[in-house]
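Per-chain numbering from 1; labels A, B, C and D assigned in written order.
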Amino acid sequence: MALIALILLPFLGGIFALIAGKAEPTAARIVAVVFLFCGVLALAWTYQHAEAGRWMMMTREPWAPAMGMSIILAIDGLSFIMVALSLALGLLTVVLSWNATDRAPLLHATLCWTVAASNGVFLAFDLVLLAFFWELMLVPSFLLIAIWGHGDREAAAIKFLIYNAIAGLGLLAAVFWIGASGPTVSFDAFEVAERGLPPTAQIWLLLGFALAFMVKLPVPPFHAWLPDAHTQAPTVGSILLAGLLLKTGAYGLFRFPTLLFPQGMEVLAPYGLILGAFGTIYGALVACGQTDAKRLVAYTSVAHMSVVLMGICGGVHFSLMGAGIIMVAHAFSASALFLLIGAVYDRVHTRDLRELGGLQRSAPRFAAAFALFFSATLAMPGTANFLGEALVITGMFQVNWLYASITLVSLVVSVVYGTRLFQRIVFGTPRKAQVTVDLSFRELGPVVVLAIGTLLFGVLPQFLMTGLDPAVNSAVEALRAATP
Amino acid sequence: MATMGLEPLAVLGLAAVIAMAISPRASDGTTRSIAALGLIAALILAAGSQGALTSALLTGDAAARFGTGLCCLSGLAALAILRPASAPREAPALILLATLGASVLSGAAHAATLFVGLELVTLALIALTVLPRSAPALEAGYKLLILGGIGAATLLMGLAFAFAATGELTFAAWSSTDRLVALGAALLLAGLAFKFSLVPFHMWTPDIFSGAPAAAAIVAGVASKVGVAIVLLRLQPQMPATGIWQTGLAALGIASVVLGNLQALRQPSLPRMLGFSSIAHSGYLALILASGAADTAQAVLFYIATYAPALFAALAAAAILDRDANLTGLRGLVWAQPLTGAVLTLALLSLAGLPLAVGFWAKFQLFSALAQAGTYGLLAVAILGSAAGLYFYLRFTVTLFRRDGVDFPRPPHWQEAAVLLAAAATIVGLGVYPGPLYALVTASLP
Amino acid sequence: MTEDSFTALMLLSTALFVVGLFGVLARRSILIQLLSLEVALAGPSLAFITAGARHADAGGQAMFVMILILAAAEVALGLALYLRLRRTADGTDSDSLSSLRH
Amino acid sequence: MEVFGLVLTYNHLLLTIPSIALAGFVMLGLDPFRLRDFEVRALALIGGVGPLIPMLVFANACFHGQCTGMVPIFTLKVGESTVALALQMDPLAALVGLTVCVIGAAVILFSVAYMQGTALPDLRRFFALMHLFLAGMLTMVLAGDSIVLFLGWELMGLCSYLLIAYNTTSAEAIRAGRKAFIMTRVADAFLLAALLLLFLEANSVRLDHLIPAGVAAQDGMRPIIAALLLGGAIGKSAQVPMHTWLPSAMAGPTPVSALLHSATMVAAGAVLLMRFSPIIQAEPVVMAIGAGLGALTAIFGAAAALFQQDIKRLLAYSSISQIGYMMLAIGVGAPEAAAAHFVVHAIFKSLLFLSAGHITHHSPRGTDIMAMRGASQRNPLAFLAFSAGAASLAGLPVITGGWWSKEAMLGAVWGVEPALWTVAVLAAVLTAAYATRAVLIAAMPDPGSHDGHADHDDSHDTGYTLVPLAFLGFGALLAGGLVEPIMHLLGAHVPHAPLFTILVASIAPLVGVAIAFALAYVPALANGLQRARDIARRTRRRPRRQDKPAGFWVRIALAFSRGLRIDTLYQIVFVWPFVKLVRWLNGYGRGVADPAGNLPAMAALRLQRAITAPFAPDWIDRTWTAFGGRILALWAALRRLQTGRARDHGLYMAAGTAGLLLLAWGLTWH
């Protein structure tokens, strides 16, 4: 039941926040925090009562048996880390929007719902349930962009939803095929994995799954929604997009292809590697040419998530582990950068790199925070990002030297865009917009949390590695078994 | 008590006669109350009756009861959103008649009942359409009359062909492989496609949605569609497997999905967009029917049942907004009228097939039926159609949340609010827990 | 009834249907369109009578009666509409009724 | 004692060496106590000098044969592999670490006075970054595994970027910092690749496993690893062809140049190769490449330095050249000699930077070489220190440290490849020439000092500046005595070169000095140089301007400088790039300052711009948008179908019916 609570608590938190907000607008945020915190407690309970073996905990409840669907939730280290991340980012965004005045109850409710839906994705092992949460997740994010966004938010919101919902159709179609393929209609991922699917079908089904995951990831050429969505989204929206939504794509790729379609993965992984390699360089190069700070960071996300794709498609222990670590590290560093850029935007109402500058003189705390997360983006050793990149490169050396060198090149290019972002904002003299107010304590809190996360997992990553190990191992074993 | 399965029809007919009889004298409220009572009574009877009437003309099986129930619900919804100010007193009686016609259709097993039911719906619908007596309403009514006449003639021609070839007026006639029957089947399909608003027989649909009162659109969009869908389901097993039926349905379905979605793409008026989208949804149903999947019937009934509440809610919102129900007029609706706005959002998300709204499960049924049947071409069309559909539903959804809102003339009437709330509850309730509906549908196969 | 006369009558009824359909499509006057509709409906009526005669089945006649009723109702509605329409639009040109489009 | 599963021993005190500096960084960087100016300086001093104390203890033990060796910190499990992080204290680490600590302490001591008058936040930032750099460098030096090594390596790069761009309002400084960061990052990528490949070979990150595994690597892996290591070292150490970032990095403050860009960080590449010398030495080809590049760099740097008009750039080229010597020594299999030169070079080069910085501090001419004029009167002590450093750089025989270490290297070179030795000796000549030239200019009277009273403002001649100058000055002269112990410590002997090579190498600096005197005091040459300088300066400002044909004496001066190329046979191999480089460096012809050096960077930038510019609008996005537009056009066409006319609608229906009938007809055709 704790697993169901992990999904329900944030969901109910959103509803109650909305109700409480009707009576007293300030009550909404407290309700949201309380419910999210209860989610954290439930997660802690899960950890305490973890069972030995591959899965820490598993729940099966009937849902719509006639349709072959049941509620199957399971948690292992990977899911645990992801759920923890989502709850943490949920709390962080609520705190960050603590003093929001514009439809604050709805905002806090939407944040809670995003967390609830992505928790669902991280825990669901009934394929229909997965597809359900997969699509559900889009709705609150869509609202976040459409209601609280900047600029041409409607177009960005529609673009976001269209890309992802269409990709989700691929997932849906594949899921139904799987459901109908067995002796009885069943969407139980474990059962399907046990039964095994015909190898040719696996390729097509994997294509359906991968479409959904890769658009969400996003991997070029499916990334065009991301820069717009990130740019127009409010700060909290950008944080959840970068920290959570992209991770659901990575999680999906990490988990399901090897679980359900090992043979298909064996066939398609080389193409995934090509796509990832292309995306890594492409994202980095495009990032170098951006003038909007948020867009720049968005393209760096494209580059980094493409590295994750490479890591996953590499299919060796190192690369998978590296991909898992980048998932966490990128959640911290990209969120923090969006937070900082958002804070700059709040003060001077521009994100144009040509107009910004001189933060180092007027707002040293800002500058220091920028410096830290800028180095995290460059995969500076000591940050979790480095660990992930290094592991992926190691894995790539085992797979194909070409990909390893491409990743190394992207490390060099990362300096080009990283310094561009950093020095245009922090150095020089402000051309138009002078930031005069340094980070407030309410902003500083989340920044410090993210900084600690980045550095802690960079220096002491054993917790992450131990957590990811079972998932990585079973992925590697599945691939090994699938190799003819 | 041994019931015959005819009670709902009898109650509906009786209520229609009473409502018509008292309408010149009695107040609007009384007429409506009587109509509502009649509908509710028919609904209860349909839900409660057990007997299976088997006559040559009508069947009273579970599917017929399911169809009657859904028709009664749509009748109630139509009744609730009739604008009190402008609705003439005959409207409740006409709604009852249309409901009756649709209910007869859902029980039809014979050329005569098929024809009578169809015409009852059409004529009542025409009358309902022209009731506001405004220029667009008259125009829509006239076009429906002319096109409906052609449609009826075509259908009758088909029935006559089959009768001529086999001497059989029941649906069993269609199992013949005679060429005349095949031609008749083509004509029948054309006639039914007209009522089912499949491309290219769809032209009247958007007019009804935008020109006529929203109540008429509900009747056209749900009640008559339920009836025709059940007729199609009943005809399906009779038809030769490789005949015109499957191929024609597939062709019409593909055309409807493609054209309906494309024409809705940038449509600025909400009801008109709903009209085009209803064409697309009919197309999805036709695709399911054409696929010949094992559980076609479940999928079709489930799909219609999930489509109904979303359409009720959307049309109720359109009725509340009246002439302003277009992209500019809908700006900021969520902030100005939270109930209407939120429910309309839900309805649009449901139509788009996003989860937590029941529409997700409709999409689920559609895809799984097509996937099960192994008709991947049709599946691809359905996926592409859904993808395009996302765009225009979301365009409206986004508009609802815009900040630069406009003023809205009136808050929803309590009846409209009731429709909205009931639809929202259904959409979300079934969206989270679709099991009961699926069980109901499984128990209601023809 | 011989097979030849059956075929001839069926062809005639089809021809009636087609002529009526053509009338609706070709003529713009609302009245003429309504008239053509009646002609089109006469086609299936004749076909039902013919088929009923061939199979010695009273169902054909029953259908004919019902089609008559429909035709009457449709004409009644159509004429009422025609009278209404004449106040707002040109009754001789149904094409002018095209405000609902796109 | 056990903390977090880590069993602490006495040896873990090794951790304190970088930690003290790191703590200084954290304190100054976060500033939790709102320190005042005085406190910031005090803390800076503590953080700067602090690491020296434990370092002395450990190094002393190590020098007496009781090295601590590997000190495991903690171990990560990555699947079946273990990543065992560790520090290590071996003779090389002790030597380099001690040098870094000493130089670091001296430079920070100097900076405390030098940075006087800086705004408090900038002061904190400066010292925080200096501390972070020290921590990074010490981490790299003491690293016992490849991860920690790379951590330190990258931290240095980051600090270098932030410190070069310390003056954040100067576009030039920011550009220079970025250039340095990007170019060194390329090297970092090489190094990372090498380290990861070694990790895969050894299945361990510990250096004591990595290096044997690297030596034993099969399947053509070893040459690749060795080449990658060399690539990493070349980039970080600003060797040809990746040297261009270093001269522009002189836009940073002088103490930064003294610490990072001459003595320690830049030489880290050489240290890296010393560390991994077993792998390098197993690959003769890579060794040969390293030696060749080292020699090329040595002579190129020296030649370039000779014609520099900016004292800091002169010293930067000098650093390039000197580290080229170290590379050369490593390339010929004498990393011990390189280590010795590393120590000596660190001392005299930081001394040169600090004293030059002291002399030119507050000068209206900035760091132009002419700002040095009059130093002998204004700052006699600093002048003496500078002269000592220059003498050591020039390698004046016997009395300077530079001579001893250079001699050790040259001896090793001689034993392997006399051609490289010749190059090195010629570089030594040039080295002496440019070093002496700088001293001569400093000895000249300052034409502007007669009326200026502010010039005698010796307020900076406090203990903070003089103590490090004096200490380093004596070190520069006396460090020669260290060379032999150092090489013994590292387990090698000073090579015994033939007497005549020693003689030649000893005469070389004197030749250089003579050349410098000639250039300064032979009027024709001096005027020629002056004219050349003027031409250079004018054409630098206005690159397109066509100069009149140079005068006779100028041509003589230029011809003389060109004449250097015929001095030796081997030099001819390098003549062509040399002359070109000299011309370009002085802005002749093309008119871009340091064009040869900028060429790769410019090409890279041009390439980068050429590649990124078309990407900026994101063509994939555009394709999708166009696709969307196409769909909308389709919609516009289709909506015209809905004419609204009943007859048209009827026609569609009729057509549809006809179609269905045809279909039925066709389907029943037997």
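In this section, a residue touches a chain if its C-beta (ideal position, glycine included) is under 8 Å from a C-beta of that chain, and two chains touch if they have at least 3 such contacts.
Just so it is clear, the model here is predicted, and its values are computed rather than measured.
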Which of the two pairs, A-B or B-C, is linked by more C-beta contacts? B-C
Chain closest to the middle, measuring from C-alpha centroids that were averaged per chain: A
Report the inter-chain centroid distance for chain A and chain B in whole angstrom, where each centroid is the mean of the CA atoms. 42
List the centre-to-centre spacing of chain A and chain C in whole Å, with centres computed as mean CA coordinates. 64
Which whole number of Å gives the spacing of the CA centres of chain B and chain C? 26
Roughly how far is chain C from chain D, centre to centre by C-alpha average, rounded to an integer in Å? 96
Can you list every residue of chain A that touches 2 or more other chains, as numbers and ranges? none
Could you list which residues of chain D touch at least two other chains? 639, 642, 644, 646, 650, 654
Within chain B, the set of residues that touch 2 or more other chains is 139, 142-143, 146, 150, 154, 206-207
Every chain pair meeting the touch definition is listed as A-B, A-D, B-C, B-D, C-D
Which of the residues in chain B come into contact with chain D in the complex? 139, 142-143, 146-147, 150-151, 154, 177, 179, 182-183, 185-187, 189-190, 193-194, 199-201, 203-204, 206-207, 242-244, 247-248, 251-252, 259, 262-263, 265-267, 388
Inside the complex, what are the residues of chain B that reach chain A? 335, 349, 352, 354-356, 360, 363-364, 367-368, 371-372, 379, 383, 386-387, 390-391, 394-395, 397-399, 401-402, 433-435, 438-439, 442
Okay, in this complex, where on chain C does chain D touch? 21, 24-26, 28, 33, 94-95, 97-102
Name, in rising order, each residue of chain D that touches chain B in their complex. 631-632, 634-636, 638-639, 641-642, 644, 646, 648-650, 652-657, 659-661, 663-665, 667-668
In the complex with chain C, residue positions of chain D that touch it: 639-640, 642-647, 650-651, 654
